[in-house]
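Below is the structure I would like to discuss, written out as structure tokens.
We just call them A, B, C and D in the order they show up, numbering each chain from 1.
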Amino acid sequence: MAKLRWGMIGGGEGSQIGPAHRLGALADGRFEFTAGALDHRPEAGRAYAQKLGLAADRSYGDWQEMLAGEKDRNDRIDLVTVATPNATHFEITKAFLEAGFNVLCEKPMTMTVEEGEEIVRVAEKTGRICAVNYCYSAYPMVRQARAMVRAGEIGKVRLVVTNFSHGHHGDATDADNPRVRWRYDPKMAGVSGQFADCGIHALHMASFVCDDEVERLSADFASTIASRELEDDAMINFRLSGGTVGRLWTSSVAIGRQHGFDIQIFGETGGLRWMSEQPNQLIYTPVGGRTQIIEKGEAGLHEDAQRLSRVSIAHPEGFPLAVANIYCDLADAIAGEARDGLPGAEAGVRSMAAVHQAVASARDKGAWVDARPPMFR
Amino acid sequence: MAKLRWGMIGGGEGSQIGPAHRLGALADGRFEFTAGALDHRPEAGRAYAQKLGLAADRSYGDWQEMLAGEKDRNDRIDLVTVATPNATHFEITKAFLEAGFNVLCEKPMTMTVEEGEEIVRVAEKTGRICAVNYCYSAYPMVRQARAMVRAGEIGKVRLVVTNFSHGHHGDATDADNPRVRWRYDPKMAGVSGQFADCGIHALHMASFVCDDEVERLSADFASTIASRELEDDAMINFRLSGGTVGRLWTSSVAIGRQHGFDIQIFGETGGLRWMSEQPNQLIYTPVGGRTQIIEKGEAGLHEDAQRLSRVSIAHPEGFPLAVANIYCDLADAIAGEARDGLPGAEAGVRSMAAVHQAVASARDKGAWVDARPPMFR
Amino acid sequence: MAKLRWGMIGGGEGSQIGPAHRLGALADGRFEFTAGALDHRPEAGRAYAQKLGLAADRSYGDWQEMLAGEKDRNDRIDLVTVATPNATHFEITKAFLEAGFNVLCEKPMTMTVEEGEEIVRVAEKTGRICAVNYCYSAYPMVRQARAMVRAGEIGKVRLVVTNFSHGHHGDATDADNPRVRWRYDPKMAGVSGQFADCGIHALHMASFVCDDEVERLSADFASTIASRELEDDAMINFRLSGGTVGRLWTSSVAIGRQHGFDIQIFGETGGLRWMSEQPNQLIYTPVGGRTQIIEKGEAGLHEDAQRLSRVSIAHPEGFPLAVANIYCDLADAIAGEARDGLPGAEAGVRSMAAVHQAVASARDKGAWVDARPPMFR
Amino acid sequence: MAKLRWGMIGGGEGSQIGPAHRLGALADGRFEFTAGALDHRPEAGRAYAQKLGLAADRSYGDWQEMLAGEKDRNDRIDLVTVATPNATHFEITKAFLEAGFNVLCEKPMTMTVEEGEEIVRVAEKTGRICAVNYCYSAYPMVRQARAMVRAGEIGKVRLVVTNFSHGHHGDATDADNPRVRWRYDPKMAGVSGQFADCGIHALHMASFVCDDEVERLSADFASTIASRELEDDAMINFRLSGGTVGRLWTSSVAIGRQHGFDIQIFGETGGLRWMSEQPNQLIYTPVGGRTQIIEKGEAGLHEDAQRLSRVSIAHPEGFPLAVANIYCDLADAIAGEARDGLPGAEAGVRSMAAVHQAVASARDKGAWVDARPPMFR
């Protein structure tokens, strides 16, 4: 089985998400790291790429150079990951799609809804894969939850409740630190702070596990640290198309929470709970029955949950291997076996619409708004 | 130390909350069970009272009889607990206050805001104690949390997030069971279902621990089981007077949650977390520091937390002893040593205002409304 | 239902276990606190008894005075609790039994095996109840575990593993504090330190839940703080009569453990786990199946578990109410309805034999010894 | 940075540990999978190797062929992993060491103590690296625990308590399944069952974290399923050279435990606890202080804990990345930077001695025996 060729834009030395992508792409041996434009400083990017083992001629200074260098090669890359800052995602993703590359774009896929819709159209037109890195949805036990919902094992879903709240921006004395400040500055972060950064993972997860789309929402935003223009805490009430009630809380000032991302799904005949800090268990309660612990790796799990787990029961698998699962699905998709769990450009634009509509709702005192991008109304 | 005389209305055989009151009142030996009108069926009430050891002449058939029988005795009861169904609280509580008795009223204190304000005025006029049984606020570690907030140990509170969600009404096939159905029928339950029943515990707790009042709120209600007129799931966003942001989720269809009542408080310099199912621990994280576990009974706790704990560290104390703590505070208050942790009629009317305003907000698509009773605006 | 009259020896002001007994005896309203000799200082004992509401003539200066005062009254006490230091249990218990009183004796029941056998014989001869306060065995979910074992729900028990380890004596700088030191001084504590103090709770629990007796054991003792003559850490391997393998670890230097008392029972067709710090849950796994959480108060529990729980599911009940359950069983037993869960003098002497034999084994490098008192060999 | 060349023996299709090694070796991009003899069936091995991307001429049919093929190449492999069944480890490891290869051998390193000592001598003589895959010791928070012990942060260690108990062999009806049976059959498994399979991970961990060697031990073995000749449950009491008391329980019939591997370390001034199912946290309690949660990725961790973690705080990293950490240390060691956390042949032979001595002790009713291999007495 020849390895697929993989390239990366962004994710340079010291970047936050770069290592998870390299680990994820390489872990299962299905991709070979072949090309990269890793840094906004061309020289640093070239040097680091070579340090990571790339050939000199495929260690590019910027993404335009990389596009030019790759597009006419016979052995051009099969997939490019875009892990640069948010504002650049649209331009780079679009250019690579149009040149016929498959793309894995970091979230948020774009800054505006219009850009998002454009990406959906380009992906359709070119027939290339455009995936978005909602990597939490690739944890085996999240896939199990979704499969259980689809199989009707908890009945029609009445209610989904999700949180993505941490406390890492809760220190006011650190709020002016540039590493933190830009996230709450509309000039750099766009229209939304914490919701666009973390909340959309949770919103995607809700729709992913319930296998349904967010239709309407009402938002309450707060900047609990006064100097912040954008929200550092948000509550979103929403409804899915099928009527499911949704509740989403996201915060970056929840001191004491490390990575408090969890989801609860309540249906007519059962409830489910999953927590990102103990990702290898799924808590299940049939109505009127006892709470049970479903373990990654136990016998009889749904196909997706089995396929995306590598080591036996009770051996924990963590975040980098959730990212790796995205790459597994991508490798399969590139090989022609589409994996319906892989989040695509549609998921990307839906998130952008939700962000912009939540901002509008919050400004309008929580008015209920249509959460969908115009193209999907 | 002579025991105080205690009487009870409601809490008859098989009632839900009756045993907790008897346990709570008797546990510490400060009250003697002296009089009761325990059941809506006079004979059953008299018989059960005597079975519980009351004298025949103080085993009353109804509360009017009890009021008449007690009010002119020299050895009349020092405190009466009202643990009847909600719609009767106002009338009974008012009558006993006016006759000069101290009252512990179950929540919700009244059905309307007007009645609530009336109780506040009557209590003031008569100078009697009117307490409301927000018993969770009497857990030692809740008192510790509040004392920490007051002492500035987590700085100004930015955010409070609380849930009171269970799944015990999640079975649609059981929804017509009379034991369940009345709770969602406005003819019997009033304007609100789950929020009035459980949510107000959480809302009171938020204001109690933050030592501040709920000023404004916006509500989203849902009846996830279609036959229900009143909500079985609600989300309330709110603001305290001092600006603290609040989030409250309450549900009775959260299958798998038993008694999911918890609260998180996030301040400028620290965060706290308390869960009613593990009530003997308080989780504390100083900003930038490690999460610590504060144990009931450890050295150096605040006064209230020490005083209201009976057995040494790591010996759990549960719900009945939280109720007992309410009775300890009452015994002290009757003896003249007012305990500021004891929830009073003010707390009761504030809850009623919040319920009615939340209903109005939910009907008005989440419009923000003043959460306060007119008398406190 | 007239209350039973209850008296107490020991448990004076500031004592550790006194409050739990008073709470336990009074919580359910079946006993009235009638007489006491609460302190080793006669005046302090009399004063405190009256402060607690006892009549002056039944507030005794010492137990001999109390025995004399009570034994010929018509309204003499129905039950006396012996909660004095260990070395006095034998003499007091024996004297009260012989005078025809029912006794609840604190653990350890006696200091020697001979004394223990004597108590068994006296209890038999007089026909009085002699219970020993193995109060953990009265938690509803421990009773549930035992009922499940008896009903064969986990098959024949292969293995039982129990720990009772805390860290409260782990501070070497505090080791000479008299409050701590006496426990490791054979002149005051007898032949064993931590095993006799805490370990016997665990050993009793193992035999209680497995419904079988400890037959043989091998011990490894350590004094991890060098100045201690008696052990502060011990490991006991044992076998029950039916062949069940047992493992028991007890420590007082396990810094970070508050009250780490837990038990795991593994049978042919399932496993159980119970932890004293979360006493309202019992964890159950059928062989080949998923782990389930059994909740105090859920439908369908065994009779003992139902009867000994007061408030509804998910309302925690803690240590004082476990003690109260012992008193419930005692009240029933006094009323003629013997409760087979109530630990009696036999359990008391078995513990003493196990302590003495463990000491012998530890001295003999872990040699396997008969754990039973001569009278039960 | 050129990648190192890596080869593997065993770990064929469907093997249990194979995937973890491939993931571990490839995850960080420091090794290239170059050669393999993966299966005991030559053709299957060759085919699978090629399926995994190995060149045909380096897809070997057996280890002898691989040794012959690799040993004279210029581009020969830099490291070979031996992941075959236990009985073959000695022969293969020895042969590759003698041919000048670095080896990572699965545990147990050998079947006998003599073989183990031989490997130590061969490794010394050849100067090659011989590591043993005690991979749990490479979790970042285990390294943190060890660094804290070394830095004196919990004072002199008094006591170490460790368990490695699961229930996966608890089903008697499955006991004759060949996949299970061989483990308890001395003809196939050697002198010990569960202790040699899982217990030695725990024993190694105890000595690793305490930074000291096991000197003496006493064992109690049980075959709780009667048809088993070898033990499926064992308790080991031990002493480290520095006097630390040790307790180790291991079981394969603990139904309900998935992978219950945990360790507690109690010193003069603090206690630590780590659990393999929540590997990203280390629980720490200073004497007299509150329990704290140390998180992988938090600021200020010891060097080893920082270096061996890839993604930021609260993103879990699981078992395959612990194995990857072993490969990181190996890559460093091959590059000349010896990592003292890497378990070597000494650790391997110490485990074998402990196994054989535990068997002898168990046969001799728990007699205390020297746990060390002759060469280290």
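Everything below uses one rule, namely that a contact is a pair of C-beta atoms (placed from the backbone, for glycine too) under 8 Å apart; a residue touches a chain by one contact, two chains touch by 3 or more.
Computed from a prediction, not measured in an experiment: that's the story for all the values here.
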A-C compared against A-B, more contacting pairs: A-B
Far-end chain from chain C, centres as C-alpha averages: A
Cα-centroid distance, chain A relative to chain B, in whole angstrom: 42
Chain B and chain C, separation of their C-alpha mean positions in angstrom: 35
Distance from chain C to chain A - Cα centre to Cα centre, in angstrom: 55
Residues of chain B touching at least two other chains: 291, 295
Of all residues in chain B, those that touch chain C in their complex: 1-3, 16, 19-20, 22-23, 26-29, 33, 51-53, 166, 168, 258-259, 276-280, 295, 310-321
Touching residues (chain side chain A, partner chain C) in the complex: 290-295, 298
In the complex, chain D residues that touch chain C: 154, 158-159, 161, 165, 167, 170-172, 218, 220, 222, 224-225, 233, 235, 237, 245, 247, 249, 251, 253-257, 264, 266-268, 270-273, 283-288, 291, 365-368
